[in-house]
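Shared between the two complexes below is subunit A, which has subunit B as its partner in the first and subunit C in the second.
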Partner chain A sequence: MAFVLGIDIGSAASKGILLNDQGMQASYECPSGGDFKLTAERIKKELLSQTQKSEKEISRTVATGYGSTLVAFADEVKPDMVCHGKGVSSLLPSVRTVIDVGDLYTKVLHIDGHGSMHNFLLSGKCAGGSGRILQVIAKVLHVKVEEIGELSLKSKKRIDFSTGCAVFAESEAISRLSQEVTKEDLLAGLHRALAAQINSLVERIGVEQDVAMVGGGARDVGLVQALKEVRNQDILVPPNPHMTAALGAALIAMEGLKDKIET
Partner chain B sequence: MADEKKEVKPKKRMTATQAAASIGPMVKEFITGTLRARAEGKQKIAYTFIVCHHEEIFRAMDVVPVWTENFAGICGAKRDAERFLQRAESLGLSRSLCTYALCGIGFDQWREELGQMPPDAPWGGQVRPDFMISSGQILCDPRSKWYQASQQFMPDVPIYNIDLPYPLFQRDRDHRDVWDYYHQYIVKQLRGLVTFLEEQTKKKMDYDRLRELVDLSDRTWNLIEETYDLRKAVPCPMGTGDAMNTMVPINFMMATQQAYDFFVNLKKELEEKIAKGEGEVENEKYRLMWGGGLPAWFALTDFNYFNSKGASFPVETTYRMVAPLNQMDIPETKDPIEHLAWRWLGYWTFWYDKAKKRPGSEPDVERLINRIEEYKIDGVVMHEAFSCRTWHVGLIWQLHQLAKIYKPIPVFVTGKGGKKEKIYRELPSLILESDIIDITSYSEVDTKNKIDAFIETLESIRLNRAA
Partner chain C sequence: MSETQSNIFNKIENDYKDYGFRAKELAKEGKKLIGHVCSFVPLEIITAAGCLPFRVRGDIHEPITKGDALLETIVCPYYRSVFDLSVKGKYDFLSGLVIPHGCDSMVRSYSAWSYSLPYSYFHFLNIPTVCVESSFEFFNAELNTFRRSLEKFVGRTITDHDLVQAIRIYNETRDRVRALYNLRKIDPPLLSGKELTMALTVGSSLPVDEFNALLDQVLAEVDRRGQSHLKKGPRILIDGACIDNIELINLVEELGGHVVADTICNGARDYFPRTDEGGNPIEALGRRYLDKVNCPKTYRENKTGTFEGDIASRFGDIGTYAKEFKVNGAILYVYKYCDPFGFEVPARKAYYQSINVPLLHLEDVYSAGTMGQLRTRIQAFLEMIG
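Let's turn to the complex of A and B:
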């Protein structure tokens, strides 16, 4: 039985999925660290260890993400948006617009029923409107980044957070804390400001229904809720939304394998 | 004071045509020529802006134009703009202003402070002018403000401003109802420029010579149209990367025999390439349009990156500042000044009638649609240069309108009842983001990631396109 590997080396976190024609066999994620080559090797090793497989049994590997070109053992490198499209479509076939809130960028893409991308838009070089701001604030508030979504939903009096800039957000948060604003209200305000920025990107390209949110930002329930409120519409979130690019990469690897067999 | 170290030299862009490759030395000689003119002191030197239809007047009066946007672009292309931008910032000017203007102002301040060219000035530097001709035209705001700022460091150098308006597009109005008024006004403006130049040069305008130069320009306009039309060929023999070089004779050398001869040679070269079936890229897979925005002058090698993916750029809207004169509905006149004013109006209103015929269209969008069809375009690429506000604002809107009213791609989709349906989609588009010369706004990794994703999109559409 053929196994394929999809590997997503992101700027903050890296993920891998081992797949065969029965479905997903193993998944793994870890911080990307400073050495992307080493991280890729680590992911492969971990997935093989989980499934008790050997390297020779992996028939094809597709790499994606910020550090994808450094994955020396990859057979193919694909843009992460292409992989997100494939991954989301396999989990939520009705989705036509995907919002990926990553560490450094937010991306919006339109896909067809097969997960093929036919238009997209990225946020600019500035990290404003991306997930990085959430990590910055988590550090300021001394909370884990995984906790900020739930905290935000407990807000009773959301503040107006004036910036979506990752740099200015830190100083604004500190000054708000000195005014005795609660963590919950501050986070709700931040989520709303971030959601507004993401929404302006979404509006630039337009929306085709259904809409899904993926990437690390989609694990933050507070941010998802804020975006739903700003857009006044439902937004689907697949299980493990941060893994969809790795999943898509694995699916593309599987497709590549089939093409190879057919030819 | 700002860090005044030079930046790292850029890699040279590979050109598809010999003509484009010849532009670098041509521009260098052009800059050297201005320095020579200054040293000899026989001709007056004027700072000025491109696309003002006044080159013929300058050349008829033997005034040497210094195209200040050109010099800033050279600094950007040589990745040597940052020290001049930092100079301007240290004077209190914001980086969010036009970076061409900032670069020029920073350079002028430095040159005036030293009393000589700044160290290692690109290609010898921008020469001190005798006067500055600014423009209050609608194209962009620095055209009237830039020289006022530079004048702080050169208070003895006079400024003359010409105003060049044109009637804005109104769907329910014929621009010809009002353009006589515009024409009279522009003629007055241009005659005022002649008077100013006569005062400065102590010479009278030779109108026979002016007529000859206007005729030379007109012939060059038509020749450029014929030459660029050859790029409709499949495969395309010359792309936008090269056109960012061949814009030099169009924008900086009009009304010269050299510009005319340049296009004679380019036309011949393209005809030869077409006869041999030679394209800009070896295996042309995608035909793209540069749909707007000034380029990132420091990153022209990005065009080579597109080419490496099989993408060619047969057409662009940027810097194609000509239109076929025989298709302009403008009155004939023997007065060269009046003709210049009519040509100005004819150029800026060129797409008005066509745009009115298509519901929801506007002149800029109509131009895109026509180019897409004439050049068989698969996708549109635009560049949002953050400091170029005039272009920046309109680009997104143009793309929106284009997507709204023009859906040329047939695809099959599975409808709600599971039935296969044929629908039409808009052309895919890519917006690159950085600046004209501010390299701090640019990320090579991001740009290449975007290009990669765009190519994937084009490929996906190519595969899914319904027959």
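Let's turn to the complex of A and C:
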């Protein structure tokens, strides 16, 4: 039985998925760190040990993400948006608009029923509107980034947060804390500001229903809720939304394998 | 001989990197070099005066340092880079500089150039913003003023005969460039966007007869290739202002695309329009520079009365190139704070939609530091249209 590997080296986190025609066999994620090559090797090793397989049993590897060109053992490199499209479509076939909130950028893409991308738009060149701000604020508040979503939902009196810029947000957060604003209200305000910024990107490219949110940012229930409120529309979130590019990469690897057998 | 021919692209690459190498030699021999920016400076008049026109370039690898003390950062980064290199002395071999009214940055900063740089000749060329009959009357007078100011600088008369000669030889350049562009209509193209744009960029630092000889060598070299050495890939049109650093085009081609057409200033905008021969040379130059150069800085009256008609007449050349060069997609590349292009982005987007050419809009800051971000976008775009 043929196994394929999809590997997504993101700017903050890296993810890998091992797939065969029965579906997903193993998945793994870790921080990308400073050496993308090493991270890629680590992911492969981890997935192989989880499944007790050997390297030879991986028939094809597709790499994606910011550090994808450094994955030495990849057979093919694909843009991450293309992979997100494939990954999301396999989980939620009705989706036509995908919002990927990553560490470095927020990306919005339109896909067809097969997950093929036909239009896309990225956020600006700074970290404004990307997921990086969530990590910055978690550090300021001394909470784990995984916890800020739940905290935000507990807010009783959301503050108006004026910036979506990751650099200014830090100083604004500190000045708000000195005004005795609670963590919950501050986070709710931040989520709202970030959601508004993401939404303006979404509006620029336009929306085709259904809409899904993926990437590390989609794991933050506070941010997802804020975006639903800003858009006044439902947004679907697949399980493990940060893994969809890795999943898409694995699916593309599987397609590549089939093409090879057919020819 | 054959060895020098096969090395023509190596020579171009070296001259591109050591930009102005030949111009500096000529300056040492006593030739007067006149720097210029933008597509609106009539090079024919400079050449007819016995001077060498030299396009001053920026450098995306060189951080802007000294320039920002004299020019505010609201000026577009391309123009700031050109200015920065100039005040750092890179173009000190020039005898003079001509700046046209190509955009607000050029008008407003003209005085900063003229008092910051050590050249002995400066001229500001007033280009009408509109293109109606009275504009030509005004512009022809403006061209004659330029002619007289150069005459005073070089101490000799520029005759109509000198102008006619210069017009002829510049048209010969344009015919050769057109022939080179035509070699990219083939799929895959016979020469890459990088090769062509580099050759044109180098040419803008050479005397026109040497440029023509260089183009002949390039044509002969490509002819000897017989067939393309490139792999098939998406055929891309680059739409934008002056892209005088090769990195963007190189990036598209590294990622598997081919730049086969463009509207850029150091490309089709400069080299496609010919000057009419046979009539009054100043009037012919007036027509060519004001009407035939299609730049967003010129306001053109909407004669159709509809938005669709307006964009079709303003951007029709893009549609023609897209068809002629069988383009699969276009990249609209705009510098931050470039007001002429910036204002037009929505209308241009609408035009691309109307002709069904997929478009990637990139805004950039004229710095090599953004290449990673551009790579992400271009890679996804090529994958999407490929």
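Methods note: the second predicted complex is superposed on the first by the 263 of 263 C-alpha atoms of A that agree within 3 Å, B and C clash if a C-alpha of one lies under 4 Å from a C-alpha of the other, contacts with A are read in each partner's own complex, and residues count from 1 in each chain.
In this text, a contact is a pair of C-beta atoms (placed from the backbone, for glycine too) under 8 Å apart; a residue touches a chain by one contact, two chains touch by 3 or more.
Note that the structure is predicted; figures quoted are calculated from it, not measured.
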* Once the two structures are overlaid on subunit A, check if subunit B and subunit C clash or fit side by side. => clash
* Once the shared chain is lined up, is A:206 touching subunit B (first), subunit C (second), both, or neither of them? -> first
* Asked: After lining up the shared chain so the two structures overlap, which partner does A:113 touch, if you call subunit B first and subunit C second: first, second, both or neither?
  -> first
* **Which superposed partner A:122 touches (first subunit B, second subunit C, both, neither)** => both
* To do: Could you figure out whether subunit B or subunit C reaches more residues of subunit A?
  => B
* Should A:63 be classified as contacting the first partner (subunit B), the second (subunit C), both, or neither? -> neither
* Determine, under the contact definition given at the top, whether A:81 touches first (subunit B), second (subunit C), both, or neither. => both
* Structure fact -> Overlap of subunit B and subunit C contacts on subunit A, residues 66, 78-82, 105, 117-120, 122, 125
* Asked: subunit A touches which residues of subunit B in the complex?
  -> 396, 403, 411, 413-414, 425-426, 428-429, 431, 433-434, 441-443, 445-446, 449-450, 452-454, 456-457, 460-461, 463-464
* **Interfacial residue positions of subunit A with respect to subunit C in the complex** => 66, 78-82, 105, 117-120, 122, 125
* Structure fact -> subunit C contacts subunit A in the complex at 365, 370, 373, 376-377, 379-381, 383-384
* Would you tell me which residues of subunit A are touching subunit B in their complex? => 66, 78-82, 105, 112-114, 116-122, 124-125, 204, 206
